[in-house]
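The letters A, B, C, D, E and F name the chains in turn, as written, and every chain counts its residues from 1.
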């Protein structure tokens, strides 16, 4: 294997790694958001259908706060990954 | 599709329906008769073989005895094998 | 089928029988020895690992005797088969 | 950059055509019907999921060496899956009620008129230029009216493989809709007094009769209509394994592990036939409409046949059990029972309806054999 | 009218040749033996039903793309079904009695003489012009004397596929007839005193020995007779799954769902080889007669070997367990036990006979390997 | 004499080459690991036995029409076995903990860096001339770091079939070694205080969420990475069968009979790829070393990701659950739990670790899809 082929092979491998890890993070991050959205929608729907239950407002607001926090974390993580 | 083809297609379909339904009825009607005949024959045979139930008492008790004996034998064999 | 073909066919069949039965006996006799050897080794190993158990000397000597006897039997059987 | 392009070019988003998007929704609709509405979930859940997998743009799961296409070729093109399912159905079938009252076989015969009426309808619509069905297409569509999934799939795989997806979906969907489709027709065709008819208790059937029946059925098929022999042969074999009582371990496995395994792969393989370019045709709409008509006509003919038989018999039949002749075992028999209870709360028609119900399975298989013989 | 003609032309009645009619009766005879006489029903019921399906005139179920032919090609021609069954048999086998008394392996060796004597007989009958068997045919027929269904089917599929149907039927039928065939031979070759011999209690065998034995057996096969490796390899694998105790879920499935599923399709596929034109040959008669002879000679040789071993041993073997060397597990061992009880009601030979019984399985597989090596 | 020669010439002893002898020992080593050391016995026992069968000199079991080669072609070359196993794994997976704490998906993402680092390593070693791996080889080797047997086998069968044996063995061996490989890395990368972090109780997840999740996952895959759709599709299908609750009989069979049957034949078929001439290459050594490295790096990245996430979050994650992101379900989660208990005997991390654990399965399948898309 000559120098040029070596370089090319390594470049390809690096490329694949970069795009691969990027996509894995992109996909799973998306999945985090979609999953959270889904859970929130379903919990709200369940709540509506069980609206005789006592009020969980505090709980819910705490939850919203948590979600926002998570969002922040993920954004930071993505930034870090890009910067790394 | 011209007129002639149309007519032919419809004629074929009618033919198939006629013979098809005819055959379905023929077959299942035959099956009714054959089934009835079979049931009658078997019920008669069963009756014959059961109409002297009372006469086989000795035989039956012998059989029972044999079964119990066999059971005993097997139990012993298992015990022996276990080393008991 | 002419005479020669007949003879050849029968000769082949006899050959196959001779080698076949010979091999079956050879193989299973070998298996007897190997199995015995395996059992003795494992039993010794088990005994070593359970050497707190009470002494089974009598048992063992009986066993050795049995093994020698079996060996003798097999040798005789092989002799007979060869002579037969 | 080149990689990023490639990645984007290969995404489903980029490759999707509108038809695939629509079919993904159809797949999800089937899942919804299966899971939430409980419509024949054993089949519609795998079919729905298979439909989704088949329509993922660029994945090629239902083509070439894609796994669903492999399942299709191995299991459906060969005929193996529907025949094994039929064996399993045989092992789950009790011919007792039929043997106790064999004339209910005729109800199972009458209900097959739905099949042929639909065939005529499909050809009629073709003649007037609305659809473009060949005679084999029309025959395969008609079999939907038999209300037997595996029979439909088997016939479609022989006569009209391109329509298999739509036919299977229609077949199982309408089987699930039996409790909605049948009662109005049954009520419309019967008087209150007819619906109140109580039937005599069924006699007990001996094991010998149950053992001989499947063999006898197979012999009759062998002598008269060999083309129905694969279907009814496997059906009779399954039943004989069960009734003979000497191969219980085989019978148990057939009724459980084997039928379950095959059901999963049959469903996925059928789903693979719901690819957008094949399924999104006007023909599919025709199949759905005609399938519904087939069910309705079959139901009506079963009821009418029962009423006709009563004209010539002292021993009256409750015409509500006639509708069970379409098969859709055991749903149709339950519907007969339920509608009967509305008119007479002490009248339990369930066991009486099981006779025409299993007769309908035989009748459809005979009709299928005829179709294959004339057109296969 | 044309349709009516076609319908009639295609009926089984019209197309039937006398041979098919006869084979339908043979199929029903097999079902009778399986269901009423309880002759190896797990195999003879599917085989009998397969035979009926295969001989339905005009249906073509056992030819071309017919489903039974598909089962045959996929499962038997490839060797998969008999090998999987053998794996299942391995998972159901307990080598404990054999390990406790390894010299009974020699009884399993002696009983294989039935195989080779039958081969000689078949060639002799060919030489004098009564039949026309090739050497491969004769070898496949001889294996019937091994009294192992899957081994017979495996060898026949390799050496004489045309005779497979007759060989399989003979094999399983005679295995079922063991309680009739063996006792007279056993009584004729033993004295009352010999039949009364009581054997010493078998020692307990450790799990380690049971785990190492199948591996050791496979290694010996690998080194000495690779052609027996598929059969004995799958057998040893099944046994190792069971004895190792670490893959109980695989072992359970092998002993239940898997072996049951394969048994059903093996039986149907074997039945497909009972088509009239192949089965109704004078050869079949020869196979049935020779198979019976093979069983009888194997039984006799097992008994004689046991007596011979007693000549050289202080520790006497009851010669009645020699007959179990033909295998036919566990029927032959039960026969040994039963005949033994007649002479000595306190003498339970069952466990002692299990040693030669499983040894016979190994012996037949070795003989099969030899046949395949020299003739395959 | 001629026969005796033939017999001797055909023995394994005479035909054996040193490599086959060595591979027989390797096969026995795998059996030893499976049975005595309890290393993933469900796979390593069949693989080990298959390896022995494949290396019997002269038997040809893993070539041509040999039965193991048949199993390989039918089950692995087609992709069917690993996909069916993945369906079974789906039916055995509970996404509850993941749904209760979705951000743990990111831990499953981070752990996949082991895959790509290994790919880089393999290419690096090739560049400096130590090994000779192509890019497809390197990708298939990297997937070992995903710690999912079926994913590894699926990718290897597509990208590097010649290396499949070594890759599968490495994959399952290291999955079994997780309790040895991971703890030192986990301890080295965390402080005592971090290991003591207690996590908040997971909320209960509704059935609706569990039903929608697999469908949503499949849709996302369909839209973004169709090449991962076969793997994740079958996985989601298995999970949907379980969670929907409407097809319990299918789900039960998938989790038991079906997955067991396929596991047996998958194992044997993988074993057939351990033939001496393919396996005894310097490449194999490279694969074993690189596979181990992949595991270690994946573990480390999972832990580091957890620590990184803690930098930006009030709600701290115990970094010990990061290592579970490599999957190896459920072993890796148990390891997290065990190491956690060492530092805080009241801290049960098992359920918390199940989130990243199943996330790792998804992550590896995504990575596999990428590899197949770019290189397949």
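In the analysis below, a residue touches a chain if its C-beta (ideal position, glycine included) is under 8 Å from a C-beta of that chain, and two chains touch if they have at least 3 such contacts.
No experiment lies behind these values; they were computed from the predicted model shown.
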Steps in the shortest chain-to-chain touch route ending at chain E and beginning at chain A: 2
Chain C to chain D, fewest steps along touching chains: 2
Shared interface numbering between chain F and chain E [over half = same, under half = different]: different
Where chain B and chain D are represented by their mean Cα positions, the distance between them in whole Å: 25
Interchain centroid distance [CA atoms averaged], chain A/chain D, Å: 45
Centroid spacing, where centroids are CA-atom means, of chain A and chain B in whole angstrom: 63
Two or more partner chains touched - positions in chain E: 3, 7, 224-225, 256-257, 374
Interface hub residues of chain B, defined as touching at least two other chains: 16, 19, 23
Chain F contact footprint on chain E (complex, rising order): 78-80, 83, 211, 215, 218-219, 221-227, 229-230, 233-234, 237, 240-241, 244, 246-247, 249-250, 252-254, 256-258, 373-374
In the complex with chain A, residue positions of chain F that touch it: 98-99, 102-103, 105-106, 108-109, 112-113, 115-117, 119-120, 123-124, 126-127, 129, 135, 138-139, 205-206, 208-209, 212-213, 216-217, 220, 224-225, 305, 308-309, 311-315, 359, 362-363, 366-367, 370-371, 374-375
Chain D - residues contacting chain F, complex: 3, 6-7, 10-13, 15-16, 24, 28, 31, 34-35, 38, 41-42, 45-46, 49, 52-53, 56-59, 61, 65-67, 70, 256-257, 260-261, 263-264, 268
Residue numbers on chain B that touch chain D, as the complex places them: 1, 6, 9-10, 12-14, 16-17, 19-21, 23-25, 27-32, 34-36, 38-39, 42-43, 45-46
